[in-house]
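A, B, C and D are the chain letters, set down in written order, and residue numbers restart from 1 in every chain.
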Amino acid sequence: MTLLEVSGLRVTYRTEDGPVLAAKDVSFSLGRGEILALVGESGCGKTATAMAIPRLLDDTRATIGGSVLLDGVELTALSERRMRDVRGKDISVVFQEPMTSLNPAFTVGRQIGEVLRQHTGLTRRQVRERVVELLDLVGVPDARRRAGSYPHELSGGMRQRVMIATAVACDPKVLIADEPTTALDVTIQAGVLDVIRDLREQLGTAVILITHDLGVVAEVADRVVVMYSGRHVEHSPTAAVFDRPQHPYTIGLLDALPARAALRGGRRRLTEIPGLVPSPATDPDACQFAPRCPRATAECTAARPALTGADGGDGHLVACYHPGPRRDA
Amino acid sequence: MRRRTYRAGAATAAALLLASCSTPGSGSAPEASPNTLVVSTPTEPDSLDPTLANTFAARLVFTSFCEKLYDVDSDLKIVPQLAAALPRVSRDGRTMDIVLRRGVRFNDGTPFTAAAVKTTLDRDLTMKASARAGELSAISRVEVRDPTTVRLVLKHPSAPLLAQLADRSGLIMSPTALKRLGADFGTAPVCVGPFKFRDRVSGNEMDFVKSTDYYDADKVRLNGIRYEFITNSSVATANLESGDVDAAEHIDANDAITLRGESGTRVLHSDTIAYQSISINVRPGAGTALSRSAGLRKAFEMSIDRGALNTSVWKSQNVPDCGPLPAQSPLRVRPHCTPYDPAAARALVRKSGVRSPAVQLMVPTGAATQREAQVIQSMAQDVGFKVSVRPIDLVSGLDLARNGKFDAFLEGWSGRVDPDGDTNDIITTGGSNNFSGYSDRTVDSLIARAAATNDDRQRSRLYARAVRRVGEQRPLLYLYHNRWFTGTSAKLHGVVYQPDGIPRFKTAHLAR
Amino acid sequence: MNNAALENGPSAAADPGAAAPEPVPQWRRTLRRLLRRRMAVAGAVLVLLFLLLALVGPLVTGSQTRLGLTHLLAGPSGAHPLGTDDLGRDVLARITGGARVSLLAGVVSTALALVVGVPLGLAAGYYRGWADSVLMRLTDLVLSFPYLVFAVGMAAILGPSLRNVIIALAVAEVPSVVRIVRGETLVLRSQDFVEAAVADGARDAAVMWREILPNMTNTLIVKATVAIPAGILGEAALSFLGLGVQPPQASWGVMLTSAQQFLSQDPLLAVFPGVAIALTTLGFNLLGDGLRDVLDPRELL
Amino acid sequence: MIRYLLRRAGTAVVTLFLASIAVFLGVRALPGDPATVLAGESPTPEAVAAIRQQFGLDQPLPVQYLHYVTQALEGNLGSSTQDKAPVTHILAERLPVTLELTVLAMVVGIAVGMLAGIVAAVRRGTALDYAANAFGLFGLSIPHFWLGLLGIVVFSVHWHVLPASGFVGFADDPAGNLERMVMPVLVLGTGLAAVIMRQTRSSLLGQLSADYVRTARSKGMSGLGQLGHALRNSLTTVTTVVGLQLAGLISGAVITEQIFVIPGFGKLIVDGVSSRNYPVIQGAVLVTVTGYVLVNLLVDVAYAYLDPRLRTAGAPE
C-alpha cells in the first residue's frame, strides 16, 4: 500500500489583488523509502503543494482542498491539535535557508532535542545522547561538542545537516526537503544529497524533494513529477524523464540545459521556451502551456488534457494531447 | 515683597486646588502622637541656630521652641517676653538695662540668667558669618549687672535696637547646649519655649514636644507640634481639608477663599508689615527709559490701578498702600499717594518724547506673581509703555538686581516691626536691598537721624519726610501691604496671629 | 551540474495581458500606499489642523493677551467660545497662540537636534575608532543627565524663555539622533556601493553626504515624526514647571499650570489645553506610524 | 563575555567622571551661589564673603573640584548649605522615595507593555490588536502631567477614592504609602508601557514571520512553543528600548513628584537649584547618573545573555 496518497490537492491564497491558485488538482503517490522529486520553475506551486501536506501554509490566507492520505489517515480532516502530533513525528521538513531556519538564540543540540521532547518520552539524558547520535548520523564532526554550539558558529552545510538531523530525529515516515541544496555551494551540495540518500537507505524514510535543479533530480530521485503553473504535467521514473520526455514543457526544460545541448553537438544558441509563465490567478479549462507550445493545436485550448499513461508504461503519465519524444529534426 | 522664603522652588505652581477632599486621613508622616498639632509651612527653615538663621521660615518655627527678650502684640507694640519689663534707657540713650523674668529655666533644665543672655548676645556679635551682627551693630559691649539684669552699652543711641531684640536678635540660647554643640547648635537647639526640639527629617518635617521646664507650661495644652514643609499652597490647603494637617501657614488668597466656604475649616488672617513693591533701576548708567526720566516713572506709577490689581489678582485681600510702613505702625503718617490717572499718564508718556518707552519687568517665578506682573504689564501698555515680563529664578533675580543689571523688579520686603527695618538698607545709599541704586543725601540723613532718637513723634515726622521724598523721585513704587492667611481646622483654638505674619501656637489646643 | 537558464524563465515575447506601465515615481507610490492606511490619513488631518491653527488661528481670534478683569474665569459664551482664563483672557485665542508656540518648540527643536545629531552620527559611524567612542561617551553623558535638570539649570542661568526650552529639548533629542544615524551609518558603511565610492577616491565628507545620508532619509523622516510630538510634550512639561514661555505669551503648558490653580472653580480651563496637546501629538504619532510602515523597505504586503 | 562587560564598565566610569565635571561646572554657572542665598534678606558683603569662605567657594575651581572628588570617593558628599545635614543623609532619605516611584512605574510599564505587545502581535488584526494599538497611541500622546491632573480631579476631588498628594514611608504605613503611590505610578508607567508595547509588538511581529519559527511549527510545536522562540529573540530589542526609556523615566519622575508633591529626587534637585544648594544638587545628579549608568550596564548584560552572537563575536557597540 502506498505510504502517501495525494489526490486533487488544491491550494488557493487570498491576496489583496484576488485569489491566487498555487496548486491545481495535484495528485501523486509516494511509496515507503521512495525519493520523489517535484520539479518546476519558480512559482510553479511545487513548494505550496509540498507544504500543504503537513499544512505548514499561512492559515490566515491559504485554503487547502483535495485529499492527503498518510498510511490511510486523511490529514486534511485532522484538527490543528492532532496535526501537531503528525508534524515532526510522521512528516518532517527541511527548509531551503539553513542560515535563518535555526533559532540564533538557542544551541543546536537544544533545537534538535526539542522535537524529541515534543514527541517522545525520553528523559533529558537520553535526549542528549540521541542528539549526539543524530549529529553523527548526518555527518557532523565532533558531534558531542558541536551540540553545545550556536547556529552562527556553524557553516551553511553544517547547519543544513543539523536541520536534517532534527527532521529525522523521530524517524518520520516522510521527509519533505524544500530545495535543501539551493543555498549551498556546489561542493557542499553533494555532501547534503549523500546524507539524504543514506537516510533513505538506513531509515527507509520516504522523501519528497522539491527542486528546480534537474541535476539534483538525476542524482537522487527515484521518480519525478514535473509541474507547470500549479499543475502536474508529467509523472515518470527518473531515467525515463531524461531519456524519453513526453510533455513538450519537459522537453523544453531539458533542451535548455547547456550540458545536454553540447551533447547534441554544434555551437548553437541555447534553446529557450518562448513566452511567459501564465498568471497564477487564472485556471482556464485548457492546457496552460499551449501559448508557448510548438505542438499546440485547437484541441489544446479547447479543454484541459487529462493525465494519461505514456507509451513507456511503468507509471509514466503525461497530460498532453500530443505527447511523445522530440519529433523535429 | 522679600518673601524669599516663599519662592524657594524655582518650579512652583505644582499641585491643584481641591474643593473638598475627605480622604481617609491617615497622617501623612509617621503617625503623630495624639494631641500633637501638625502645621504645614511653605518652606523649610535653613538653620535653627538663632545666630545664623536667615529665612522667614525659621522665624515661623522659633516661636514654638525659642522665646525672645521681647515680642510684638497685635498693635505692633513691643511687649516683654523673657524680659520682665521694657528696658530702662539712659537719658543719653547710650546704655540700656534689661531686667529679666525670674524663675525661668531653659528647656534643658538649666537656669535662664543674665549670664546666659550675655553669652548669646556676645556670640551673635562675634561669631563668623553671624546674621545678627548687623542688627546688633549699635552694641559696643554687654555687661551682667546682677543675675537678673543685663546692661547693653551702646556706641550711639539706637531706637531700632529694641525692635531687633523683639526679633531673632532677642532669641536666647542655653549656654550649656552652646558649650556642648558649639557651631552645630542648630542641629539640636535648646532655648526657653513652650515646646522643645525633638527631631528633624530634612526636606520633610520637624518635631517638637511639650517642655516641662517652661515657665508657662500650664498654659500649654498641646503635647507637641510637628512642622511639615509643603511648598504649594493648594496642596497644603488640600491636606488641611483632608485632616492630614491641623493648620496651614501662609496660604494663597484664593485658597483662603475656598477654605472660607468649607465647614470643617477656619481662616485666620493678619494684615502684616510685609509690602509688595517695584524697584526701578535709577543708576546713572542704567540706560533704561525709566531711569532717565522721572516723568516716565511718574507715568508708570499713574498707570497702575492698585485697587483693580488687588481685586483681580488677590481677590481684594491685600491692603493697597504707597508707603513702606504698615497701617498698624504707631510711627506711620499717611503717605501722599499718586492717584491712578491713565489719561495724565498717557500725556506724560507723549510729553517724554520717547515713542512707546520700553520697560522690562523682572519677576521671580511663581503663579501669583506672574499673574500680578501680567496685570501691571497690561495696565502700563494701555498708557503707551511697551512692557516685557521676564520671569526669573529668584536667586538669579536678586543677583542681577544687586548688580544693577535690570530695569524694573517686582519684589517686595517681608517687613520689620521698626520703621528703620523697612527703610534703612532699602532706600539708603549703598543699602544691600537698595536695588534701584537710589542715592539721596537728604533721605540718608533723615533715616540716620530717625534711628538715633528715641522720641517717637520726631521719628515718625522724619520717616514721613523721607517717604514723601522717595514718593516724588520714585526709585521704588509701593503697591500694597500683604494680608496673610493661616488656614486651621475648625477644632483648633487659641492661635495668636500677630501682624509680623507669624502665628503663635503657645496657647493653641485641639477641641475633641 | 548547473541549473542554467531555468531559474529566471524565458523573457522576450511580450505576454499579451501585461502592458508594461511606465515607471511610477517612488514618492507617488509611497503616497498612494500611505493614503491606503486610514489611521495615517487621520493623523495627517490632525497635523494639518494643528498647522492651520498655528499659522492662521491667531489672525482670526482676538488678542491672546488682552485682559478682561471684569469677567474672570467666565464659562464658554458668544464672545468667548471657550470661556476666559483667570485674568479674563480669551481661552480660544490663547489656544491658537499656544499652537504656534508648540509648533515652534516641536519643529525647531527637532530640526536643531537633526542638524547637530546627523553629522555627529555620521562621523561616529564612519570613522569609528576613537572618534566613535568619544561621541558615544558624550551621548551617554547627555542621556544620563535628566534633561529636566538641564532645563531647570538653563532657566536659572538665562531666565525661562521659549528659546531656552527649544535648546534644552534639542539637546535632550541629540543623543538619540546620533545613535540612530550612527547605527545606520555602520550598516551602510560596509555596503559595497560605499566601498566603491571610497575606492573611487571620493573625499570622506562626500561619501558621507552623497552616499550614506541619502540612504537613511526614511529613518530620519520617521525619527522626525517621533521627535516633533516629543518636543511638543517636552515644551508643555517645561512650561508646566514654569521654565518655559514668557508671559503674556500663551503656551499650552503655561495654560495648564494656571488652570491647575482653579481646577475646582473652572475645571474646563484645564481640559482645553490638555486636549489640544493630546490631539496634536496623536496626529504626529499616527502619521509617524503610517510613514514608518510605508517607508520600511521590508514592509510585508 | 567578561572582557565585553569590563569594557562596558570602563565606559560607565568615564561617563560618571564626565558627569561629575559637568554638574560641578554647571552648578557654578548659575548666577548667585549658596552664599548669596544664605546671607539672608539683607546680605552684607562681609557676611557673603565669610559664608563663601566657610564653604570653600573662594578657592580656585580645580582645587574645589579635587576636594569634592576625593571627598566623594570616601563617601562624603559634603553637607547641604541649607540645613547643614550631610548630603548622604538627605539622599538616603529621598532616594527610596524616587526609587519606589520609578521602580514601580518600570514594573508596571514593562509588565503591561510587554503583555499588550505580545497579545497585539499574536492576535494581529483582531480587536485585541486595535485595542492595544489604541492604548499605545493614548500612552504616547497624552501628556502624562495632564493625566496626573485629570486623575487627581476625578479620583481625589470627585470620588475621594485616592489621596491627591503627599508621601508616606512604606515602613510607617504600607496602606497609606501604596494608596498615595497608585496614581503617580500609573501616570509615570503609562508612557513607558505605551512605548514598550509598540516596540514589543513590532519586533515580535518581525520575529514571528522568521524562518526559524516556521521550523518550530514544522517540528509540531504548539502556538505557545513558537511564541517562545520568537519572544526570546525580540527581547533583545525590547531591552535596549527599556534602557533608553529609563533616562526619560527619571525626568518624568521629577514632574510626577511635582504634581503629587512627593519628596523625591526630582523635587530635591529642583528645590536645590533654586536655593543654589551645590552639594545637594551635585550629590543628587551624580546618584541619578550612577543609576542611569548602572541600568545601562544591566541592559548590556541582559543584551549579551539574550543574544549569544554577542557573547562570542564581540560587542554590538
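Just so it is clear, a contact is a pair of C-beta atoms (placed from the backbone, for glycine too) under 8 Å apart; a residue touches a chain by one contact, two chains touch by 3 or more.
The shown structure was predicted, so the numbers you read here are calculated from the model rather than taken from an experiment.
Taking each chain's centre as the mean of its CA atoms, A is the chain most distant from chain D. The chain closest to the protein's centre is D, with centres computed as averages of CA atoms. Separating the CA-averaged centres of chain B and chain C is a span of 48 Å. Chain A and chain D have Cα centroids lying 55 Å from one another. The mean-CA centres of chain A and chain B are about 93 angstrom from one another, to the nearest whole unit. Chain centres here are Cα means. That of chain C falls 23 Å from that of chain D.
Residues of chain C in contact with two or more other chains: 152, 156-157, 240-241, 260, 263-264.
Among all residues of chain B, those that touch two or more other chains are 10-11, 14-16, 18-19, 393, 395-396. Shared contact sites, meaning residues of chain D that touch two or more other chains, fall at 30-31, 149, 152-153, 157, 258, 270, 273-274. The touching residues of chain D, when paired with chain A in their complex, are 210-212, 214-222, 225, 229, 232-233, 306-309, 312-313. Touching chain D in their complex are the following residues of chain B: 2, 4, 7-11, 14-16, 18-23, 26-31, 44-47, 54-56, 128-131, 133-134, 184, 186-187, 200-204, 230-232, 235, 238-239, 242, 244, 393-396, 398-400, 413-414, 425, 431-433. Across the interface of their complex, chain D is touched by residues 132-133, 136-138, 140-141, 143-150, 152-153, 156-157, 176, 229, 233, 236-237, 240-241, 256, 260, 263-264, 267, 270, 273-274, 277-279, 281-282, 285-286, 289, 298, 300 of chain C. Of all residues in chain D, those touching chain B in their complex are 30-32, 36-45, 47, 50-51, 54, 80, 82-85, 89-90, 93-94, 149, 152-153, 156-157, 160, 162-169, 172-173, 175-176, 258-261, 263, 267-268, 270-271, 273-276. Within the complex, the chain C residues that touch chain B are 65-67, 69, 72, 86-88, 152, 155-157, 159-160, 240-243, 246-248, 257-258, 260-265.
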